[in-house]
Every structure is written in structure tokens, then in C-alpha cells.
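Please go over the structures that come below.
Two complexes are shown next, each including chain A; its partner changes from chain B in the first to chain C in the second.
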Partner chain A sequence: MSSTTAGRGPNGDARADDFLLEVKNLSVAYESDEVPPVQAVDRVSFSLRKGEFVGLVGESGSGKSTLGFAITRLQKPPAVITGGNVVFDGRDIREMDPESLRRQRQGGFAMVLQSGMNALNPVRTIGHHFTDIFKAHGHVQRKDWWDRARYLVDKVELPPGVLARYPAELSGGMRQRVSIALALSLEPRLMVFDEPTTALDVLVQHAVMDTITTLQESEGFTAVLISHDLGVVLEATERVMVMHKGRIVENAPSDRILSDPQNDYTKMLLSHYADPRAEKVSLPGFEHFTRADAGVDTPAGETGRASRRLVVENVSKTYPPPSRGDNPVRAVRNVSFTLEPGQALALVGQSGSGKSTIAKLITGVEKPSEGRIAFGDLDVTTLPQRRLRRLHEDVQMIFQDPYSAQNPVLTVEYQLSRPIRNFTQLRGNDARDEVRHLLETVGLTPAESFVTKLPHQLSGGQRQRVVVARALACNPQVIIADEPVSMLDVSLRAGVLKLIEDLRRERGVSLLYITHDLLSARLVTDDILVLHEGEVVERGATTDVMLDPQDEYTRALLEAIPNPARAHEERARRHNRAESQ
Partner chain B sequence: MTNTSTVRLPKGPGSKPNMFRSFARSFGVIWSNKKARIGVIILAVFVLAAIFGPLVAPYGATVNTFPRSANGSAEHWLGTTAAGEDVFSQLIYGARISVLVGVVAGGLATVVAVVIGLGWGYLRGFVSDTINFIVNLFLVIPALPLMIVIATYLQNGGITVIIVVIVITGWAWGARVLRSQTQSLRGRDFVIAARFSGDSAPRIIFREILPNMISIIASSFFGAATAAILAEAGLEFLGLGDSSIVSWGTMLYWAQNSSALLTGQWVLLFAPGLCIALLAMSLTLINFGVDVISNPRLRETGSRRRRGPKGTPTPTDQAGGDADRQFNEATEGADNVDVDVDVREVQQ
Partner chain C sequence: MSEAVSDASVGPREGKYRAPILSSSLRYWLSKVGLFLLTLWAAVTLNFILPRLMPGSPADAAIAKLSQSGPVSAATKHAIEAQLGVPSGNIWQQYIEYLHQVVTLNFGVSYTFFPESVESLVMRALPYTITLVGITTIVAFIVGTLLGASAAWRRGTWRDTVPTLTGSFLSTFPYFWVALLLLFFLGYVAHLFPTSGAYAPTVEPNLSFSFFGDAIYHAILPAVTLFVTSLGGWILGMRNAMINTLGDDYITFAEANGLKGRTVALRYAARNAILPNLTGFGLALGGVVGGSILVEQVFGYPGVGYLLFNAVINQDFPLMQALFLMITLSVLVANFLVDILYGILDPRTHR
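Then we have the complex of A and B:
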């Protein structure tokens, strides 16, 4: 911590002019009449030099976004700045009135939000979004408006044609680029990116991040990148501030964070990154997982719970076209695979690859257009909706979003007791004991203290454990896990993955693991199917595919995984290139 | 961090699900809204007047032994009617009918709306189409003429008939609103999860979806009650109810019959009219407060931080729990680390 405390009081520093933004002892609280104020940001101090690109990393609830909003004074009630000051270019923005603040947005600071791509007005063309801003600030002459707009979209690597389009006609990645261009249109000296790529696809994410880094280098604005993903931040920024519980716990150059992290929390975050292409992959909780383990330790098979295989034969799913004149959407094209009893199979692909559609087809929520799905002797494709219960006795699902998969008004006990009541013979006290037993199985102990909880009283990780417990309640043969950890904080992921892995091995259930994240697929599955635009492009043993990918698309997916170590190398490479010039 | 099972349990208000507590909290939210508070006070005055009417009223409602058509005086604050009854006493007794009709007719119409609206929203196919046809039928028929037709057909059957008429004509709008909300909840993960748990459709509708719509149901109840009070007064005024009972509607009816306005006794029309307007207004004002429950962003003085599924019906609870969790997290760890950036080091 010595490196971070030595430079106290930048006021007395002769080079104070170098600072674009100085934040001193800033505290932000969420105030409410009903509960005590929540201190989201607690006496945080830092400074940004002109032209610097700084990352701000933390998990959900760490206060990173609140801080980002506070330094651009976009915080809204109930968030209140309770102390400290923010000096932007020599002026304390806390004392500015709304009008000068508005003017400050031109040539001052701008913010790009995670949902920025949804912030575009659906009934106005992209071009109008630009002219609206020019009109409001008057910094561009009327005759130059469209030239300027074309110049800006070119900056974010979009063709000038997008100016005539409506937001709905653009993809998520394009819309996020537009919102970056809009932020740029005011020639800001400070740009705050709040999770700019989180809502985007893995591959698109990568491309947008590239655009941001390139722009930052060419335009020379000062930038803050807020993200929960240390990998993304380390790849892009020069300096990283790690935030935890409202405080900045570490503030060091990116290289040093990687090579020599000082804070325990930073170390913990770093430990959750690994390269799925390595011979040996280890995460906290998954220490010994080498290539050899994967194939040898096949689950119990006949001795386990699963006895029926799930067969998917030449299945296609075509949705009607979104609007007349369009082509029908072919979500799944001629996919075949077999999930053997006790097998763990990964379905991997980015969104739109058809992996979630396959889950819906298997669970009978939707019917395939062509092909056949059979579970043992049960033909899923011809099963009427009200007979689906027979399928759900043995095929259960773990949902992606632990926040929406549980009814906010029902207790844990109620949620777990329903499948027990519907699918097993247990009643009364036996059923109650089973609920507690399930909670203990998923690591929620003491079970008694969890049964009366409502979902909002649980953390994200705990919620996901309850979702897992509910899937296990009827003792199913097959579990379909649809991105079970993608909504969780990095530090919680390994725990939930380990739980799924252990339960699979102990109970011998078959697992269909749907994900875009190859690292987790490597950890919990034996075999893998890579889907691209509804088609299987590669299949094989998970380790083989990871170590020696054959398909172009698989390689692209592997490339897109944020990886601090690789970021380190890339940074060094860029640095060398810069020096040689 | 590998073992999250030892994570401390968040303590929030309402650690145990408790009907009374959540009701008290909802009431607190309504009370904290200025408009709704005024509404609650006005409603409370009327409800108290209805309950304790005989104790409060100076005379009986049908005692007609007083001088006829008298103006306001110390004995008769608002004067007397053409039949020689005390207007102020009638006003107090009249509150009973209006409050009763509001609660019963509004309540029944809401129950019908809930059953039909939720079923309609959750089910698909033939059932849904049939309900759609029936509801649209009730929506397009003008309510007042229909009420008049039914009321005349049923022949002065008293207050019960009026309630029946109001329920028949008043449920369709609520059903339509509840159906839309049900349709949006139907696609939620937790509803799909309930299907995976093997629950039947009625159980999913009433145990999973219904509790998530309490605030919208409450607001549709207040809306229906307002409409019921106005409709009752309207029917009575037109003489379609039982004109022998004392209600605000019949007061208007008799006042009109005795040409109160022409004789300068405008109070006879004004007082019951004002009461009807005030009661209807109080319910509408309370609805502003109910809106706040379902959308915390409308809160006047600082709402709590919100996170989690959009539009969950009890975001109050949701936000409360999250805020508490964050509060606990934020207050943990006693050491205060002031972190200043050392620029020189960074530059190196």
C-alpha cells in the first residue's frame, strides 16, 4: 500500500496542472427515510492525469458505478454526495449550477453507459441524434452538422450509412458504438465508460473494446473504464483502481496489479482467471484439473441416478420472420447429439447461436420444426403440453438469472417444497426434512435459517444455490444448466460451478451445460459441442477441443476470453511498438 | 471464497414473511405520499362517519318532524328537507350506503376482474379467445345505459340490485389491465420454473402470479370502488334505486324533486354532491400512493436503491433487502483506507 499512500496531497504538487480530475475524500450515500443511509462510496481519493486511461474494477455493490456517476455529477437522488470534493480542471463540480454543468458537458465530461445502446430514441434516425446534440450546444456550425456526424461515426468504425438508419435497425454492438460516437461529439476531455461492453456478445465485446482503446489513443481524452471484469480492464487500461465495499483498495499501474498485486481482494479476483487452453486449469476450488482427470473420471453410469439417454436427432427450429418480407429465422439447423446417462456435455456458442433454443426444445417448452427428441422411451416432440410433467420429473433446469428465476414473494421453503410434493411421495415432515437436506446439499447451512427467507434476502450466489436445489428436488436424471454462472460475480462463480460438478459426480446425473464461457465449460464438462448460427461446427472431448480447436469460430471464441496474463503480453507488445516508433 | 455457505445472512426488515408487517410497510409508503395521506384522512372521516353514524348524527335520518325546508340554523346545521328531515343527519347516514357500495361493489368487481383477468392472461388458445370476446363485449357497451336497462328490469330491488348492476358493468376494465400484467409475468423465469416444478395452472396463477400483482389489484380495487360510488349515486339520482333509503344519491333525487335550487336551498344539492366528490377523490388520491408502492421511483422524498427484476410487484421489499445487504457490506471492515494516487510513481 506504500505506493498508494506516498503521494498524499496533490495540492502542494508543482505539477497539479497535469491533473484533469482530482477527487478528494469523496463519499456518496444512498439516503432514505426508511432505512439508515447506505454508504456506497466511502472517502475515496484519486486523481486522473490528462490523457490517462484508468480502469475502475469491482464486483456488484462495490460502489464503482456510483463513483462514476458522482464524478460526472450524474448521480440521482437518493444518491447524495455526503462529503469530499471533485475538482475537474480546476473547478469543483459540486458547486456548479445545472446550467453551467450542462455547458460543461461540451468539452467537459461525457459518459457511456452499459445500457447506452438502449438510450437511443427509437423514432429518430441516428443522424438526428447527432444534430440534436449540435443544436443544443451550438459548437458545430449548421452547415457542418452532417460532415461532422459522418466524421464521428467513422471514428467508431461505422459506415456513414448508419446515419440514415433507425436504432432498431442496428445491432447491439453498432448501437453501443453510436452511443460512444455521441459522447465523442461534444469533444469531451473526460470520458467515463460504465460497463460499456457488458451487455454485448463475447465476440462483439472484444471489437468494441478495441475501438475504445484505439480512440483513446488517437483522441487523447482522459478515460475511466468501469467494469466488473478485471480481465477486460487490464487489457485496456494503463492504471487500475480496485474498488471493494466503497473504498479503493488498490491503485496501481496495470502491469503491477498483474505481476505484484498488493491487496488480498485483488489477489482473490486475479485467482479467478485462467486460460481454458492450458494443460492444467485451476481455479479456487478446482485445484487439480488436468487433462488426464477429465477423461478418466467418468461418472458412475449405471450405478448413478441417470439411466435414460437423451437423444436429439436432426433437429431444426425455424421461427416465422420478424416482419413480412424478411427471411424466416433458422435458430437451430439440423443438430444431432446424444447425452449419455451420467455424461456432462457443453453446448457452447455466442448469443444467437441457438443454444438456448435447444434447451427449450429439449424441455418441451417449444416444439422443433423438424427432427426428433427422445428421452429414453419418451418422445418429447409429440408430448402434449399438459403431459410435460412426465418429462420434468426427470429433466430439470437451472436458470441463468438467479434474480428472476425465483418468485420475489415466495419463501425458499415453498419453492423447494413444490417439486417435492409434485414429483415424490414425501409428505408432511418428510417433505420438510427433505427441503432442509437439499439446502445442506447445496451448501446453504444451517438450513433452518434459510427456509423462511425470501429471495431478496439472499445474495446472488445464495440465490443460485437455491435454484440448483430446486432443480435437484425431484431427483432428476438430467439437468440442463443455461449459463448458470454468467450473472454472478466472478468470485462466486467457482463456488457454484464446483457445486454443480460435485452434485453431478455424486448423484450421477447427466448434465447439459449451456454457456458462452469456455473456461467454465472446460471445468465441468467432458464433451463439447460448439454451435454457430444454429449449426454444430465442432464437437469432441472438451479438453481436446480447447487444446486443439479445429474450427475458425471456436478459435475466435477462445481468443475472446478476457485474460489478464495475455493482456500483460499485449500491453508489453504495444509498449515496445510505441518505443520503437 | 470457495465456500459461500458461511456467508452472513442479511437481516432486513421483515426477516420473516409477515402479512401484518408488509401491510404496515405498504401503509407507511402510502402515508409518506402527501396526496395519498390527504386521501386516507378524508376516507377515514367518511368511514368513521359510516360506522358511528347513529352516535354522531344529531337526529335520525328519517325523522321528519322538523319544520320543512328550513335554512341552516343552530339546531339544523344544513337546514331541513322539503319532507322536514335534518340534512346533516341524512348526510352522515348516507355515508353508510356509499361506503358500503364502494367496498362491496368495488370488491366484487375486483374479484371478478382478478379471476377472469389472470386466467385470461395466463391461458392461451381457445379459452383466451372466448374470454377476449366476452370482455370486449362488456367494454364496448356503454355502461350507464346498460346499468339503467338492468336496473329498470330488476325493478327497485334496493341496494343489492344496485351492487349487482355495478359489478356486472364494472369488472371488464380491471380484467383487461390485469390480463396485460399477467401476460408479462407469464414469461418470467420464475413462472417457467414453477412449471418445471410440476405445478398446475391454477396454482401458478394464484400462488406465483397473483401475489406479484397485489399493488395493481389494490389500485384496480380503488378505481372500481370510485366508479361504484359514482354509479350508485347516479342510479339513485335517476330514481332507479330504492328511493326510500337514505343515501347521497336519494338525497340528490329528493332535492331535485322538490326543486331545492329554485327555492334557494342549494345546500340540499351541494352537500351530498360534495360528499360524493370528496369520497371519490379520496380513493383516487390513495391510488397515487398505491402507485408509489409499485413504482418506488415516484417517491417524493428519496427512494431506496433499486435492483433486481424489473417491475417486480413488491420492489419495496426487493429494494429494502438489497439496500440492507449493501449497507451491511459497506459497514463491514473497520479500517478506513484513504487512497491517494501517487502520480510520480505512475509515471515511472
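Then we have the complex of A and C:
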């Protein structure tokens, strides 16, 4: 296979009828009455050979999803194709009338959407989703409908029982599998997967990706995998197209991207991957310390701001059963730890492991069923609701989703001035100055240009910085950060992590860092607790746990991290296996 | 591929998943019925307690009025108390007596329309109101919802703009004003429709075709008034809900799977968009029995609203109490029915 970099047509030596899809100079713009059109996809050209598995990578706003929607002609106003051709199997899909386009969806191109969670009609059973498709296209005889549906769910490793269920009764991973089976039921020649695993847990993500790659090999359809995660894409695909600001900036075989990236943007993306199990881990602008360095560098309690320790003692939290007959949900089971002044501790686990419940218990939002939580001499477990303020002067939280953690109609100035008024003595001009000082602290400079902004006028990274500034407004001793970077683009993550790390060292605050992402835990914490189903399965110094995990679950988590370098071997292994069969 | 299945969490529940769902939905229905009975009892009891919390009694008021024009003898006082049915016995006996009256629909004698019993008055007014307001409400809901759904589906075309603009334009009119306009132009000026009453004075109410024809003829103007002024709300409500639904991922996915436009519009979009509107429909249905006071007043239509108006003007306590109880009941029943409907239409509610 030959390949070239951006712009020029790849696979120059292949014959034209080898191509399933040819895209030439495709442009897509978001048109609006008030503002000039935004060019989301800008004169993009590429081709897909039959049976090929290609990745399309880019950060949010790069135009990758818009491109995915345009090549399957699912783009909706205000997105408009402004130029170029999309030739699928010899026909330009831009010229198809609605009815032939609809027919083309069977045996033609199918799409699996980003949030498979919401891709299913909540008031129809899974089985009816299948029969709706069979009815619309008539490619399966009525008497075979249910047999075929059972066959398809079996393909995605689900039991036939799911057919009788409603979408809300399935887990996220199962719903995504159902979406894949539905797309498969169309017997497509081209499948476009738009971020198929983004909303899923690490371990589930891994399993669903396995299913996708297996299916692609066994069914032989041509596939495009759209993702923001270069690691995931490199693990699964043969060729990768990197998209940046509406253009494909690099288009090369996966191995080449890894070993010899040509484009600066690709290099930048790659530089944000690191193996948390390595001796020394660094991200751009973020040199981390080995265990020995960290010991020297950690501020001692007396020099820093934090003076009180947070003690969690034999804490359990049991929720009543979701419906009668089920067992009570034991979200947290007998967890104990101490957060020393100035310490950075990671709570790691996948969703459902109880890590966010622990945050709720510490901040007093919920009361533990058993056990005791104390902050200094303040007993959080017995603190009445109306006196929680005393706790929140010193314990503040940074939330996962910067998009929903802010009231959309309040300016940055107002959001920051509230905690200042509530928790400090500063008023008037002093408070105004403090707002600006906080913005500068979190790297939003010049502060004056940010104070009047509303949340939607900020980027994701800037929003998260405002959330951090808000948590700092009352000068807390402890910061609880719940997945603070998981919603951000890879290139922004290092910046926010660096900010948290710097603040911790300069201000001497203690940090409880809640995450499923072991790499970021490795970068900002000294110690780690690994949680599985509410129980602590492993604890120790972060570096020690990463380098030498003792528990099976910790190892599974480490294994599931997408890793471009390992992808290399992975693919070679699969290849060998295929050849030996 | 063992880890693939581990996320599924199907394993342990697979095979017996039907049983818990059945019993959980049974529990849902039972809890709904239980809640309905409890609120029903609370409403009936509140209707009993409230008048007794008020200072004085209707009898005292009547005696006070009489005593302005001279002393009231003990016999007169007794007569008034007997006439008004002032209760005897302690509060529990009164309560039991009251419950018995409620169950047997015995609400005493109306002051205004003496000596008619409240029961017969209400029973005479109720059919007119329920047919007029009830049918109009249901038809307006169905027509409005359909128009709203088609407007959202054909967004931006004339099928969107015409019903949406007309609907919102009409719903800005106060309905009694529309009533007066219709009455004036179609009734007094053009003589196309009768101007008052539920049937012509020459017709005797019975179950004959001629009576029904006449009743329908009399009901047209008030029905058009109610229909025209409530339609816009349903159109806009459904249109907005459906536009939101059309932006959902399952609509895009359904289109990506090449389902027919009709299936996507009805089974995927409208089916989900109608759910929030059902709550509003329930409230509107509950209000049916209260009648539409102003419309009934303008058209001299002998429905419950007309009765209620007269009861309030004349301080007719027995009639008022009976009407209030009925209105409360109908709101409860309507909400109960909508709850049931919701449970059938949205499988997520009983989980």
C-alpha cells in the first residue's frame, strides 16, 4: 500500500474500481443569518478502498464529525455542503433524491453515532428497532425478522433477551452494542463510527472496540472510525487521517503516523500520550517527578496553607434497592484513608466504583451509612445541613463537566464574586481586585477581558479554569477535583493539570483527585487508592502502584489505556493470528 | 472476548428478566391507584373541614340579616336552622353523615333555585358542560397536536408557518371577546345561529334526533369559541416539543438507518414529543367539569359554569360545596387517567 501525506490523493497506484468512497474537495459550512458562515470542512479529499479500516482523528471543532455526517449525507441545517463531491460506489451521493438516498442506506453506508446511549427510541423495544429497519427496506422476509434480530444481537455479544427490553433497561455499553447491531442489520458496505466509545467506561470502551475490530474483519465492510483519541484509533485502524481546523493535515498508515509523523499537529497530539507505567512520565510543559523528586518537593504542612487533615474512617454508603426484590446498592464499602495537609491523593476507578460517592460524602452532600469523616476537628458526618458552610470554607470542589458547572446567564465576574462575598471579608473594590487576581492565577490573562464574558463565550479549557478559580475564591485547604480534565481536548488537558499541580504546590492545598485516567493521576498525585465496586483494592505511592500493580483490577485498568505504542504490537499480533489461521 | 460480556451485566439477570418487570409495573399501577384513593379521601375531607373552620354559619348570617328588621323569635330561628340543615351531633357523626351524603350524592337543597335539590341541578347541567367543553377540549388537543407535529416535521415550509402563526394569533384573543364577536356577527347580524341557551324554548329535552340536532346547533358557537382560542396552545406546545425531539440522536440514527419518513415522524418523533403535552391535557380535562364560566355566561348556556356563577353570586352554599367537590374530583380523575396513559405510553415511568 502506498500512501501520501495531506492534500494529495492517497493510494495513487490503486485502480479506480478498488475504491468504495471517493471524496473530492468537499467543503461543509455552518451557515447562519447573523454571522458569516463557519467553514467546518475545508476542501477535503480522500478515498477509501474496499475493506479498509481508516481512522479520522481530531480535537473538538476540527470538523471530523461534520465530515462523517457529510459523507453519509446526514448533515442537517445549518450545516450545508458548499462544494466538492462524495462518490460512493460510482454514484455522487450529493445528487441522490431523498427516496433513493433512503434505499441506499441498506447495503450502502451506515453510521453509528457518538452517543449510542441516546441513539435508541426510549419508547420502543430493542426488537422493534430491528423490525422497523426490516420493514423499511424489506431485505429480510417477515417470517425471518426475529431470527435475524437474534442473530445480529448475538454478533455483538448480547443475549437474545435484550430484544424484549427498552433502551433505558440496558447499560451504556449494551446500548452501544445494540446500535452497532442495528447498523449491521443494514448489511452496509461502509460503516462510519462516530466516537463510538467516548461516553463509555474505560474497560467497556476496550471491549466495545474489540467487538468493532472483530466485526470489521469478519464482515469485511469498509469502516471509518472517528475519534478524538489518537490512541484508540491507532490501536484499531490501518490508516489514519488527522484533521485540524477543517482540513486533513496528515493521511498515512497507522504505523507511519506512530513512527514518523510528518505534520506538527500530529506530533503535538502524539506528544500528549504517555504510558503511566513508564519510569518517567512527561507531557508537553509538564515534567513530572519520579518518586524521589516528589519527596523533596512536596511542601510540608507548616509552610503551606493547609493545616488540617481530612480523615475518612471505615466509611460505607448503602443506597436503598432501585426496585423491590433487588439488593441494596453498596456504593462504598468500608473505605478508610487520610488526606494529610498538602498531600495529593488519587481516587481511581471506573464509574460505579464509588469514587464520586466518596466526594459527595466528604463535602457533606450525602451522609455515610456507617463510619466517620472528619476534617480537622470538624465532624462532617454529624454536621447539620445548614452548617455545611463551615466545611465549604475549606473544602471546595472542581467538577467534571465545565459546560454544566456554570450558570449560563451569569458573567465570570459574578460567578467569582459570589464565593468571595460568601466566604471572605472582601467587599467592593477589594472583591473586584480579588476576582481579577484569581483569573490571573488560573492563567486567564488579561483578566479584564474575561470578567464580562458569559460561559458560552469561553472555550472548554477556559471554562474549566473559571471553575478552578471559583474553587480557589475562598482560599480553601482542600480541593476535591472530580475528573477535572476528562471532558477536555487532549491538548488542553496538560494545561489544566499543570494549573492544578502549580496551585497545589504554591498554595499548599491538599488535593483529592478523582479520576479513571491513570496517566493524569500519575502526573498530579503522590499517592493513590484504587476503588473497585466500592472497595479499596489497592493503595500506595502512585509511582509504585503504576510500576508494579498488585491487584488484578488495577492491572486491567492499566491495560485498557489506549496506547499508540502498544497499538503497534497489538496490530502485528492480530495480523500474525490472522495469517496463521 | 470474555471481557466483552463482563460490561453487559446481562448474565445474572438473563432468563428471569420478565418476572421483575411484570411485578414492578403491577406495583406501579397499584401505587397509582393507592395514591389516587388517598388524594380523593383528602379532598373530600378537606371539603368537609374548610366550611367548619369559617367563623359563624349560614344560619347565623340569615338570622343576623333578619334581626336588622326586628327581633327574631326562637321558632323562626329553628325554622331557619331546619331549612338550612344545620348539623347536629358531634364532629364525627357529622363527618360520617357527610361521607354518606357524598356517596349517595345527596347535597341538600339549593338556596337559589329553591326548592330544587342540588343533585338534580347538577345532574341537569353536567351533560351540557361535559359534552360541550369535554368534546371541544379533546378535539382541540387532537387537532392541535397533529397540526403541531406536522408543523415541526415540515419546519420552515407553509405547513409550519400557516398553522403556527394562525394558532398563536388566535390564542392571543380573550375567549369571551371571541364569544361576543361570534355572537354579534353570526347571531344577531347574520341570524345564522341561536344567541342563547342549549336548545330552543319550543323543544322538550328528550332522546329524540330532533332534540340532539337542536342541541348541537346551539352548541356550535360556544364550541367554536373554545376550540379557536385553545387550539393555538396545543399547536405551539406540540411543535416546540417535537422540534426538540427531532434534534435527538435517535431521530438522526433512525434516518441513518433509512426508516421511512412517516415512521420517523410518527413512531420516533411525535410519539416521544407528545409525552410532556399529556400533562397539560390532563389539567385541561380536569378543568372541563368546572365548565367555562364566561363562555357559558355569554351564551346563556345552562352548564356547570353558569350554575357555579349563580351559586357564588347568591351565596348558595350547598350548591357551591357540591360543585367544588365535583371539580376537585374531576381534576383528580383526569390526572389519574393521564397517569395511566403516561404509564402505557412511556415504559420508563414504571421502572
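Everything that follows uses one rule, which is that the second predicted complex is superposed on the first by the 555 of 581 C-alpha atoms of A that agree within 3 Å, B and C clash if a C-alpha of one lies under 4 Å from a C-alpha of the other, contacts with A are read in each partner's own complex, and residues count from 1 in each chain.
Just so we're on the same page, a residue touches a chain if its C-beta (ideal position, glycine included) is under 8 Å from a C-beta of that chain, and two chains touch if they have at least 3 such contacts.
This structure is a prediction, so every number in the text was calculated from the model and none was measured.
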Clash or fit: how do chain B and chain C relate after the overlay on chain A? clash
Tell me which of chain B and chain C touches more residues of chain A. B
Between chain B (first) and chain C (second), which, if any, makes contact with A:Q39: first, second, both or neither? first
When the two structures are overlaid on chain A, which partner does A:G161 contact: first (chain B), second (chain C), both, or neither? second
With both complexes overlaid on chain A, does A:T411 touch chain B (first), chain C (second), both or neither? first
One more residue to check, A:A183. First (chain B), second (chain C), both or neither? second
Once chain A of both complexes is superposed, is A:G61 in touch with chain B (first), chain C (second), both, or neither? first
Can A:Y30 be said to touch chain B (first), chain C (second), both, or neither? first
Show which residues of chain A both chain B and chain C reach, each in its own complex. none
Using the touch definition from the top, list the residues of chain A that touch chain B in their complex. 1, 3-10, 13, 15, 18-19, 25, 30-36, 38-40, 42-47, 49, 61, 63, 77-79, 238-239, 241, 245-249, 251, 253, 268, 284-285, 363, 365, 388-389, 392-393, 396-397, 399-401, 403-411, 415, 418-419, 422-423, 443-445, 449-450, 452-454, 456-459, 461-462, 465, 467, 470-471, 473-474, 491-492, 494-495, 498
Provide the residue numbers of chain C that touch chain A in the complex, in ascending order. 1, 3-11, 14-15, 17-18, 20-21, 23-24, 27, 248-250, 252-261, 263, 267-268, 271-272, 345-348, 351
Chain A partner, complex, touching residues on chain B are 1-5, 7, 9-10, 12-17, 28, 32, 188-190, 192-199, 207-208, 211-212, 301-305, 308-309, 312-314, 317-318, 320-327, 329-333, 336-347
Of all residues in chain A, those that touch chain C in their complex: 72, 74, 76, 98, 102-106, 110-111, 113-115, 118-124, 132-133, 135-137, 157-159, 161-162, 164-166, 168-169, 171, 173-174, 177, 179, 182-183, 186, 201, 203-204, 206-208, 210-211, 214, 323-326, 556
